[in-house]
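Note that the chains take the letters A, B, C, D and E in the order they are written out, and that residue 1 is the start of every chain.
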Amino acid sequence: MVEGREIFNLLWLVPAIPLFGALFNCLLGYRAGNLVVSIVGCGSIGLSFLLSLCIFRVFYGLPVEDRQIELCLFQWIVSGDFQAPLDLLLDPLSMVMITMVSGVSFLIHVYSVGYMANDKCFARYFFYLNLFVFFMLTLVLAGNFLVLYIGWEGVGLCSYLLISFWYERRSAAAAGLKAFVVTRFGDFFFALGIILIFLQFGSLHFCSVFANPGEVIGVSMATWIALLIFVGAVGKSAQVPLHTWLPDAMEAPTPVSALIHAATMVTAGVYLVARCYPIFELSPFSLQVVAIVGLLTAFISATVALVHTDIKKILAFSTISQLGHMFLALGVGAPGAAIFHLLTHAFAKALLFLGSGAVIHALNDEMDIRKMGGLRRYIPATFFTFTIGALAMSGVPGLAGFFSKDAILYATFVNGGPLMWALIVITASMTGFYTFRIIFVAFFGVKRWDVHLHAPGKAMILPLVLLALLAITGGYMGVPHVLGGSDRISEFLSPVFGNAEVHGSLGSSVEGVALAAEEGGVVEGEAAEGAPQGTETAEGIAGVWETGIQMSEKSLEMLLMLVSAVMALGGIGLAFYFYVYSGGRDVPTRLSEKFRVAYSIFTNGWYFDALYKAVFVDPYMKLSTFFLKAVDVAVIDNIVRGVAGSLLSAGNILPGLQLGVVRWYATVMVLGAIIIILYI
Amino acid sequence: MEQILFYIAFTITVVSAASVVLQGRVMYSVLSLIVTLLGVAWIYAMLSAPFLAIVQVILYAGAIVVLLLFAVMMLKFDETVQRRLRPDLLGVIGALVALVFAGMFVSLVSCGCFEFASIPADYGSIKSIGSVLYTQYLIPLELASVLLLVAVVGAVMLAGRR
Amino acid sequence: MQAEVIQSLLVVGPSHFLVLGATLFSLGVLGFLVRNNIIVLLMCIELMINGAGITFIAFCRQMGSLEGQIFVLFVMVVAAVEIAVGLSIVVLVFKNRATLNADEMEVLKW
Amino acid sequence: MDVSSWPILSVLILLPAAGAVFIFVVLQQNEFLSKLLAFLISVETVVLAVFLFRRFDPADGEMQFVEKMDWIPEFGASYHVGVDGISLFMVMITTVMVTLAMLSSWDQKGRGQALFYGFLLLLEAGLIGIFLAMDLLLFYVFWEVMLIPMYFLIGVWGGANRRYATLKLIIYTMGASLLMLVAILALYFYHHAQVGEYTFDITKLYGTPIPPEVLLPMALAFFVAFAVKSPLFPFHTWLTDAHAEAPVSGAVDITGLLIKTGAYALLRFLLPLFPEFSMSFAPIVVAMALIANLYGAMLAAAQNDLKRLIAYASVSHVGLVILGIFVFNVQGIDGAVFMMVSIALCSGGLFMVVGMIYKRSGTKDISQLGGLWKDMPVLAGFFMFFVVASVGLPGLSNFVGEFLIFVGAFKVSVLYGVVAAFVMVLTAVYLLWMFWRVMLEKAPERATPWRDLSMAETVTLTIPAIIVVVIGVYPKILLDRIEPSALKLLGQVKKETAQMDDLGRWKSLRLVERLKEVKRDKPWR
Amino acid sequence: MEMTLPFVNLGTIMPQIIVAFFAMAALMVDAFYRNTRYVFAVSILGLALALYAVYMQCGLVIPPEESMVAINSYTVFFNVIFLLVAAVTMFLSLSYADLTGIDGGKYYPLILLATLGMMLLISSRDMLLMFLAIELLSISSYILVASQRDRWMSNEAAIKYMLTGAFASAFLLFGIALVFGATGTMDFMKIKQALSDGPVLFHAQIGLAMMLVGLGFKVAMVPFHMWAPDVYEGAPTPISGFLSAGSKVAVFAFLLRLFADPFAVPHADWIAVLWWISVLSMVVGNVSALLQKSVKRMLAYSSIAHVGYMLMALVILDTRAMEAAVLYMAVYAITGLAAFGCVACLSKGPEERLDIQDYTALAYSHPVQAGVLSVCLLSLAGIPLTAGFIGKFYLFGAAVNAGFVGLAVIGVLNSAVSLYYYMGLMLKMYTAPEGVGEIAVTSPMAGRLVLIVLGLAILILGIYPSPVLGFVKVAVAAIASPVM
């Protein structure tokens, strides 16, 4: 193993190893047999994970100022002043991401070996999965926007391929298409954003773009760029209104859902916004939009998750909701919290998905929770790990989710105001409710299934356990100072976000009092230390304090923490009451009848699908057909046909004048002579 | 005197020509044609072309018409179907076109004022013609003989026995 | 005015002969356009040629040159040749088709 | 080998031509030999093209390997060929695609195969000639000559409705290019009137001042001819029919893609010959290109015939290419040239796959297909690959071209850029939907499963796939060589129009007005 | 008055004398030996000698007083073409005549005589000689068209040709009379003198109109074209070729001379009329050909269209246009002849292939004929690398140069339309046969050889036209009058 800084020259191997694995599985996988395929598939990711750990070790040893390593592989697209080299950037943010991505991927690969053991297309599956990891790592390691875009599109493609993996199912094919197209719609804006950045900055390089964006562009341009990028993120991270593809994406094999549609790919949007945070910071309005979208998403999808019956879809909506949390965090100026939540959510949600995969696998691909029940006794290991995941998700104190969610709630309260805070707290309690609804319905109660149960094998249990461990401990990298922790994650990430942590300017004016700003800066504490403080930021911070909260920092944070913990537990308790305690009274049914409108809105996912079908899909098809029939055929073709047809019919008529009779010929000649002579 | 002679010749020629066109039976047409050709010969004579008048009578009215007469008599075709001018569409159009043409043509050709030139005494005599014909127009003369050869070859080739 | 017209009618000039030539030609054209017997058509062509001949001679006389007379001489030869060849074709056709109706020669058309 | 003594460009043109003649004259009855000969010649042209590539000086934007000699001195026409960064890749891709076309129709059945290959070679000669010609008359000769084999390939070996397709092909392309001939002649005489020299040499014709009242019709004649060939929006319907009726092996479709000659000709001839026109009409052309771009994508979605669908896809892509040309910046032109190469590869791959599907299924009707993945995973994999490449996945070739064009368009106007880029979404929709309908879901019951790709077929598809990846990952090979030429071209255009006022785009309208003022002094002319 | 027999420089009319002499000799041979081969050989010998004699005339210029027959590069150029056309027609007829019951013994001499007519026409300096030459040409043609005595199509074609031809000749004759009346002379030189001295006389214009009717009939320009399809279809196929390549070209070449030289002055008044005739000929010819079922008829209509193209030059009538027209005529002579020749060499048994349907998959049974016919069709359509392209290119160039852009545009659009039927026929020929293809019938070697030579000539002219262009320029220099 290469020691010291030289190891960074091997950075390209982190994504490259999975690529080699993918190529192997693609080209030779068919002949190689499942064992070789799984060794190559998992091994390549494992190697990559190991390498990133090594890199992490060296990286962590570097002084903070040096924690930004660039590696230019070669010039990619060069045309005039447009230059996009293929370069990689390793900074704390990407370091965290590659470690997480390769780690979770590795676990899920291992899990997949068991899960997909009986599938005919084993090699193809691992080809896609490896390819996905390659693109995902490229995405997070990218040193400029275009390289990021490679990964961005690549993961979308792999997502498409994996959603449509069981191609014989119509729904899988449809879901794949939908996922690709919807995210592509977002990508369109992202691409525009990239081009706009190039035109403004003359470069796509992260380091040069983010060095001092405020000097190059004004607020309105920053808003444009930020919003364009954000739409891309919305598409990829399934935020309202582009979230509809993600529930459908559950057609993919469950490990894929865990990896792509929960832990990694969908968080790329969060990563992107975090990456471009310097630009977002320039535009308060865009942050506001981010926050509102995130909040709405979190709330709407949580409501849908409340009533869904498909286990994977519940988890999918929950994923959307959690992503909403992350965006909210970004919007309220807590990118560190967002990334933190990203990590903890990755562990918890991967765990939940893998657990649900085990359940589904066990029950022969049954996904309706109403047809489960009492599983606790049959697959205990799954049950336990699943419960840990659920607890972590719900934000029960002590587990991973708690800390990250708490950081978000706090930032929301401080920067977003009480209204947003209230809404997000309600959402948090809904999280508890619907996660535990699964547990109580599926694992408790009576057995409502009669199939031969496939208990999960070792390859599946092991990742579950490991992930459960992570879900428990993951939170401790970011224990807030209030609880005596050191919030190492925020600290680690701080070079990226500069003067990060709670300092948005949501809902408040940008004009601030310098005094207040300074005060805020002081209060922010160590986290912000060492980072240059721009005037604008100071002004933003000043806004926070204009709300006039006089409560002391610590007690406020503690109080909020308490409230959120209570709400989470309350949600769990409500679920317990509904599905276990109330027994035969069937509270949920009665409630659903009582609030029929709300219920149907929830079950139909707020009618987004229907709306899109009516507004986009149908008109598009109709318009296409209309153009074909009305323009291409009716106008253009008919003109051509008309010209040709009239020529040909003239070709029919003209020789008809050739009567074959001599007198007629002579008559025409004389007529011609008359005309000529008269003319002359 | 000259006027009277001219108008008589004019009348004879035109009437007989009309008769060629309008006669129902081919034989009558041929006979009318003889009259026309003689009328033309008369006109030639009036125009100081005595040699041509003679040739016209001998060659045209003699040889050509005889050829036609032979043809008419040899080929026993049924005339009944085409004896009368049938007022079919083509005929009507043809007649109209021809009449328009005639009106236009006659009026156009005749307009402009001309005067006869004074001419030498031997104008149009055989000798004068011959001297021009055999000097200036030697090549056309030879060509005319070739033309006659063509006529012979054609007749033999087409109408002759195998 | 009237006197002039009468005068022009009375004094026979080249124009009179030109009118005659044109009339003969036009009659030939008329015949060609309305008749359908091939032999009559040939005769109509003779009429036209004679009309041209008269025109030649008239101009010739007007200018006092002999070229026109020579020309008409050659035209007669040509007319004879044309009639000879024409009649041989007519005979040929009659042998094969037993008709001299030009209107029936309409298999080749369109 | 010494280049100076060895006319490589002429050899590139003449070798396939001679091969074609040899096949027509000598080998007509021997199908195998002619097939073999044709294939060997096409491989040889590839080798030559690669050789050309290696000897090419990337830093030089001027014409290289120039050969020039008198052809018809009475007309001032010369045999003048040369290659620059733009045409170099056109030639290379032509040779490669023709070779692939031959490979893909290797097991085509039926009589007349010898002629089929002869025509393919002739087509190749014509195409290469178009890309190399530096003399307007020579160019026109190749331009027309190329159509003949095209016509035969479709008309003789094509589908059921081929008569109609060929009729359209002829009406559109010939009509337009003959009008261009008139314009060429007009230019020729104007040049003579100005300079006193009769010449068709474009290097001399560049910058001929032309009175405005005739500039418009002349340039329009050129433009329409090129637009039809490209094909640009209102002139595109011949292309879809031609593709739909082309022989099923896909061979012709592939070469048909090289009908991008139209776009090439815009670059080589219209822009430098009529810079003022090009600049002042750019908004209109760009509008057409954008319409073509979106419209083609829309219509592709409504198609039920695989080939027709891909044809509309290429209409859409060509719209982008022309957009790239008419934004007049280096990114746009780089992207356009790159895109032309890329379209040939990606859409060509798609056509080949469709041909292979047709060989097995006997239909191109999407509604009768479905679930092919099960029987033919390898074919499906290639299909997916080319679909994805066409969609513009970064790392594959189309993306590079597309993105550069977007950048170029954005530089000129945000509107252009946004509208153009939106096609990303539409492309994904129709191509993936097509993939779904053809490959995914359950297949209808079949007595025997269809055979997956044979070794030869796999090789045939692998070659373009590899090129797509290589130039997608390392586009500098192309871009480095295109750029000097593109810059030179831009320099020419910009120099000519430097005096144009800022309101250049309105000048087009004034041009029309001035045209109306010209009195017709010669009513019969 | 003294009679001195004139001095006739026989050298000036040596080629004509040779042709006439060998025609008679061939007739003698026929009379005494009754062997068509001998007749053929004698006729060809005559043509060859005449060609030599024409070659000897290169560079000669005969002053107009000396002879009615002009010799200049223009006449030499066309004489060569006529002699070659005649020779090719004979070669093509070699087996055709035997197959279709033509009396070869008189057939070949008649071709010689018709050629004599063409040669005299192009070099005539006098209206009388012109008239006689045209009559010699026409009357020989009537007989040639009728030479398939037993085929009713041939008979009908002959009778139609003869009747309408004589009718048109009468117009020509009257026109000559009027021109003579207006100018007082038969000599072209003097006519030019007379016309350029004063205002153009009214009678001369009418006379010219009448002459145009007569000559227009011979070249089959609209509206005097109606006979052409019928006659071309009914005539023996080599004769159809001869009519289109020989007689039409000869009369058109004469027409060009007529307008370029003696009637250069009134030409300006004629531009409109000629413009319309040109356009109508192109349109009517091409459009009528679009849906023809019979190949010969299609080629006939196409020849009408080609007259339309040539007429463009007559409209413009500057040096460049005349060069273009001369080139076009030469090209058309070769191409038209070769096209009809291919049809002639494709008879399957006693019947000819006339219907386009009969041409299906021809390329597989008769590769040579199909190949040459394809080249011809491409050339007729004006596709580059064939002679036809060079011709059209030159012509349209002349039109554009002279400012007749509208005419050029109509011309090119017509070319586009014409592609439809030319290419349609080619497509038929190359369509692969279904099932077992027709067994190739060996056709006569001589015909095939001639066809190959013609095909090659078309291609060579198309690829490297420079030498011929040189000849054309020289030829036109002889008639391009300084008036223009």
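We adopt the following convention: a residue touches a chain if its C-beta (ideal position, glycine included) is under 8 Å from a C-beta of that chain, and two chains touch if they have at least 3 such contacts.
No experiment lies behind these values; they were computed from the predicted model shown.
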item: Chain A to chain D, fewest steps along touching chains; value: 1
item: Most distant chain from chain B, judged by the mean position of its C-alpha atoms; value: A
item: Interface with more contacting C-beta pairs, comparing A-B to A-C; value: A-C
item: Closest chain to global C-alpha mean, per-chain Cα centroids; value: D
item: Label of the chain whose CA centroid is most distant from the centroid of chain E; value: A
item: Chain D-chain E separation of Cα centroids, rounded to whole Å; value: 42
item: Separation of chain B from chain D, taking each centre as the mean of its C-alpha atoms, in whole Å; value: 70
item: Centre distance in Å when chain C and chain E are each reduced to the mean of their C-alpha atoms; value: 28
item: Whole-Å gap separating chain A and chain E, where each centre is the average of the chain's CA atoms; value: 80
item: Sequence positions of chain C contacting 2 or more other chains; value: 18, 21, 25, 28-29, 32-36, 41-42, 55, 58, 60, 62-63, 67, 70, 74, 78, 81, 85, 89-90, 92, 102-103, 105, 107-109
item: Sites on chain E at which at least two other chains make contact; value: 128, 132, 135, 139, 142-143, 146, 149, 159-160, 163, 167, 171, 178, 206, 229-230, 272, 420
item: In chain A, residues with contacts to at least two other chains; value: 655, 658-664, 666-667, 670-671, 673, 677
item: Each pair of chains that touches, named by its two labels; value: A-B, A-C, A-D, A-E, B-C, B-E, C-E, D-E
item: Chain A residues touching chain B - in the complex, by the definition given at the top; value: 659, 661, 663-664, 666-667, 670-671, 673-674, 677-678
item: Chain E-touching residues of chain A, taken from the complex the two chains share; value: 647-648, 650-652, 654-655, 657-658, 660, 662, 664-666, 668-669, 671-673, 676-677, 679-680
item: Sites on chain A touched by chain D in the complex; value: 26, 74-80, 82, 124, 146, 149-150, 152-154, 157, 160-161, 164, 167-170, 172-174, 176-177, 180-181, 184-185, 187-188, 191-192, 195-196, 198-199, 620-621, 623-625, 627-628, 631-632, 636-637, 640, 643-644
item: In the complex with chain B, residue positions of chain C that touch it; value: 9-37, 39-40, 42-44, 46-47, 50, 53-55, 57-58, 60-64, 66-67, 69-70, 72-74, 76-81, 83-85, 87-92, 94, 98-101, 103
item: Interfacial residue positions of chain E with respect to chain B in the complex; value: 1, 3-6, 8, 13, 20, 24, 27, 67-69, 103, 106-107, 109-110, 113, 116, 120, 126, 128-129, 132-133, 135-136, 139-140, 142-143, 146-147, 149, 178, 202-203, 206
